[in-house]
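Here come two complexes built around subunit A, the first alongside subunit B, the second alongside subunit C.
Presenting the complex of A and B:
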């Protein structure tokens, strides 16, 4: 009994942090989502579900949600593919693998604000490095107004997000690949399996747990992106890169509509929870044990 | 394990209950912080603002103030402007910090006024040091709640030597402005450097709309549902901005250009005009000492229809926190900042014009704005839009036309967003 009490006491600091930093703010947000509070005034009135109705019918909110989905799908597909390819290339015992792994991992340790500022500068259509490089390489036709063209701006930012995090996900895949017993590969090769066949029948199924982590983590991370978009475009041009988190920020601190922003946050929280649940259910089915 | 779970549940419930109860008990955030009086009778007041770049100048002002008032110590706290926008209210709301604080005009000033965060300064003797017209932005319900300290002319800057080289003078009407842009373009000069990705639309819209608008309070009417962005004044403004873009008078791909890149085009003398404001004059000069700069507003109508020559904004609105524990000391500091000597020292060190009268400006850049004091200018129209989302909808309609949407459609899209806010 004494032991259990001690154990509970050890849990207490973590629990306090969790309650203080997550549960309490969430409950406070839920409370304010039913009010017309402006974020400053000492008084507010209860408005029932009005903020929820207003959020769901808001043109900007809907546009932001669409952008969120577009951004998330692009990042998840590209990041999973690229990190897997990197992992497959760098899992082998080559002399340069340590250096290359460190290089690919490097962007993960940079602050996303710095990453956003640097890339926004590189994307600049007139003085940016990317268009300059393309022009110098004789590929002027590929030069674009990367974050100024509403049609491609969200994909340009998605590319930066992938650049910044693919290395991190590569490490997860490398760990998964290193966990696959060598005998399985030997057996597959002895059975006359080609490279693609071995990948399809041995590597990929056994990599499913890693893929689950990568896809789940990338989905959540890209769905709740903020820093990159905030620093690179602040949701522009003309809402082309506005996502739910920037919408919530602008509503709370640009328009002083804290109640409405809280309702937006609650809807966002529910969407995120649903997304996570769905994913784990879908990906769990792929698991293989050996 | 089961027992541990049983123990945890009441523990969590107790914690939640106590936190919730304490939150409810907190009510209106009753003052909790100490005012900062030390045993020696010296009072510490806090001065909070977002202009970190002015810290050095303010430190000198604070030193001078403390010499004159040995019993008051001023502690300065600066936050980056975007962070200031999102956190200042929580910091100043209990009076423990920000005895003197700055606020932005427009949405923030309105919200703070309604929340009662400002001390009423009406009737304070130091107000007579200011140009009365220029501190109107700090009034609400007929009371002076804050004093806008900085004066900005939000008119495009032009390169005087380049204009002279091609025999150009600031035009008096729209046709003249288009002809001027064409002449510059024909000579391989970018007529207007435009930061379309960030500050450009918000700055440039002011001079573009000032003479198109049927009244100075047109955006107030739009927000009240009494006028629409689809009305002639805004569609015409968008059409004219589109015309400038379509004729190639902005640099290529202007929508992807941010403020520093647009500034660079002007500083390197590749562009003859920069769509920003007087606040950038000193910085430009610092980076290219050969520059000779003046301000020019595009006149979007015929010369006889022009009501205004340009746009001004008064910002960096200094106020005394209504919850301050040392309101008298805070007022004393504000009074000191209002003296022409202190304001002049600040202006000359930071390169920013001020709203205080009788200030002697040292540099030609500051004197440029001084010339504009006698011209007919209107308060920045964008800041008369009080809701941030509405402001964004308006500036975004400019981005929409630059990306190919027709002015009518862009105006309609922006109006639809504003209609949703009016309905609330």
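Presenting the complex of A and C:
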């Protein structure tokens, strides 16, 4: 016995809020992308697909896209590897290991602004601790202007992203590892498998779902990064760390090209949707049963 | 044996990687400027509260804390109430209606706030909601609906529908079933969702940045961004700001660790 009238009253307030302040505005974004609106003046004109053409042919947009890909690949590879290694080392529930897990997870609860500010100082070329440490260790030749050098800036920020979130992904791997039945390990060991062999034949295949989740989450999270880059370099030096989200922000609020920025957002959204779709496919393909 | 030591070495190095920057922020907050520059890693000598007291004297810190508290608690409260009602209705209604409503919210998962920022900026300006904490609460709640509905629907699906059926046979209306049976049973999941939302809203930069303009309305992340400009040469002061604003989250984390981990992990699994 369900009372559908009462249940629709449950849906109403949330739906109103969601449609009115999220769905509807997002759709108007699509509308603006076909106009030359500057974001403030009352009038605007329709320009058809011009904004899309302008975006796709803009050098800054292309640079931002390239940086996005570079940032994403670096973070995904490094974060997946590091979080997996940490999870394998911390999977048992001993007291020390539980404390270490909490410590590794801690940066994930700090705001990206805090993390960005901390690392902006760590990386500072003259007073930063990284260069200070390198100098003290007699490796002055390794000292760099970490976020001021266009060649390495995007990788320096990628490292910070990993610093902040590898511990969180480690927890996902640990959950996966703890879900693997102990008998399977015993069986593999009975068959005379060495450590590496047990990992290859038991752990890794059964860990595939967790790995897919980690890769999927990390890919999407790093593709839509904003706060960290905004705080640390704001896209500089010379667009070296400009990614699509900061490009959209700068186009809208820096040069008041709202229409152009909206077109950029829509292209960004399509790319993100494609990535998400791929991830869903991968997630489904990788389901294992045991 | 060698492997065991190698494993420990990895764990130790990673622990230092996390701890050293945090230790640096901590000691810098209690150092004089000269001590900060001459020996960045040492324990503060002399130990001084000047940075902390100076920060609270020069900046309306209590106001920033208050703003962040109001926005975070307001958003999380609205969010939990509305999303759990929706999740309950989706699961209880079931069938194609349940599926369609669920799909409508899940579709929103793909749209990140960086895409909705422009239309939301112009809509809230048209509505006259800019620079209003209430406006910010409502907008943040709307934007977080997809993820909270997604999480809570997953949890509500695990409820035993026979208990609800039995309750409705006894003449309980849906509101009663929801508040007396569904919510108490879903309490741990609500706690996990709440901590996830708490971290998201407390740390959010983008939406507050688009909506708030006057200094008296800033939330902590915005205030930090502003210190960065003001204390460009006063690093200990800047790092004190980082420390002071992080303390509430760290304390909560130490107290409610289980929920933080469950919440942030469940939130990360939304894809």
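Note that the second predicted complex is superposed on the first by the 263 of 290 C-alpha atoms of A that agree within 3 Å, B and C clash if a C-alpha of one lies under 4 Å from a C-alpha of the other, contacts with A are read in each partner's own complex, and residues count from 1 in each chain.
Everything below uses one rule, namely that a residue touches a chain if its C-beta (ideal position, glycine included) is under 8 Å from a C-beta of that chain, and two chains touch if they have at least 3 such contacts.
Everything numeric in this text was worked out from a predicted model, so none of it was measured.
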**Request:** Tell me which partner A:25 touches in the superposition: subunit B (first), subunit C (second), both or neither.
**Result:** second
**Prompt:** Of the two partner chains, subunit B (first) and subunit C (second), which one does A:102 touch, if any: first, second, both, or neither?
**Reply:** second
**Message:** Quick check on the superposed pair: does A:60 touch subunit B, subunit C, both, or neither? Answer first, second, both or neither.
**Reply:** first
**Prompt:** Per the overlay, which chain contacts more subunit A residues, subunit B or subunit C?
**Reply:** C
**Message:** Taking the superposition on A as described, I'd like to know which of subunit B and subunit C A:226 touches: first, second, both or neither.
**Reply:** second
**Request:** Would you check which partner chain A:72 touches, where first means subunit B only, second means subunit C only, and both and neither mean what they say?
**Result:** neither
**Request:** Answer with first, second, both or neither: which of subunit B and subunit C does A:268 touch in the superposed model?
**Result:** second
**Message:** Under the stated touch criterion, which partner chain does A:234 make contact with: subunit B (first), subunit C (second), both, or neither?
**Reply:** first
**Prompt:** Touching A:91, do we find subunit B (first), subunit C (second), both, or neither?
**Reply:** neither
**Request:** Could you look at A:125 and tell me whether it touches subunit B, subunit C, both or neither (first, second, both, neither)?
**Result:** first
**Prompt:** Can you list the residues of subunit A that meet both subunit B and subunit C?
**Reply:** 4, 7-8, 11, 15, 20, 23-24, 27-28, 39, 121, 127, 249, 252
**Message:** For the complex, give me every residue of subunit C touching subunit A.
**Reply:** 7, 10-11, 14-15, 17-22, 24-25, 37, 40-41, 82-83, 85-86, 88-89, 92-93, 101, 104-105, 108, 110-112, 114-123, 138-139, 141-143, 145-146, 149, 165, 168-169, 173-175, 178, 199, 202-203, 205-206, 220-221, 224-225, 228, 235, 238-239, 242, 245-246, 249-250, 253, 257, 260-261, 264-265, 268-269, 271
**Request:** Can you check the complex and tell me which residues of subunit A touch subunit C?
**Result:** 1-4, 6-8, 10-11, 13-15, 17-18, 20-29, 32, 39, 82, 85-86, 89-90, 100, 102-114, 117-119, 121-122, 127, 129, 132, 163, 167-169, 171-172, 175, 213, 216-217, 220-221, 224, 226-227, 230-231, 245, 248-249, 252, 258, 261-262, 265-266, 268-269, 272-273, 276, 279-280, 283
**Complete:** Note: in the complex, subunit A contacts subunit B through residues 4-5, 7-8, 11-12, 15-16, 19-20, 23-24, 27-28, 38-42, 50, 54, 57-60, 120-121, 123-128, 145-150, 233-234, 236-239, 249-257
**Message:** List the residues on subunit B that touch subunit A in their complex, please.
**Reply:** 3-4, 7-8, 11-12, 15-16, 19-20, 23, 28-29, 85-86, 89, 93, 107-108, 110-112, 114-117, 196-198, 251-258, 260-261, 264-265, 387-392, 396-397, 399-400, 402-403, 405, 413, 416-417, 420, 424
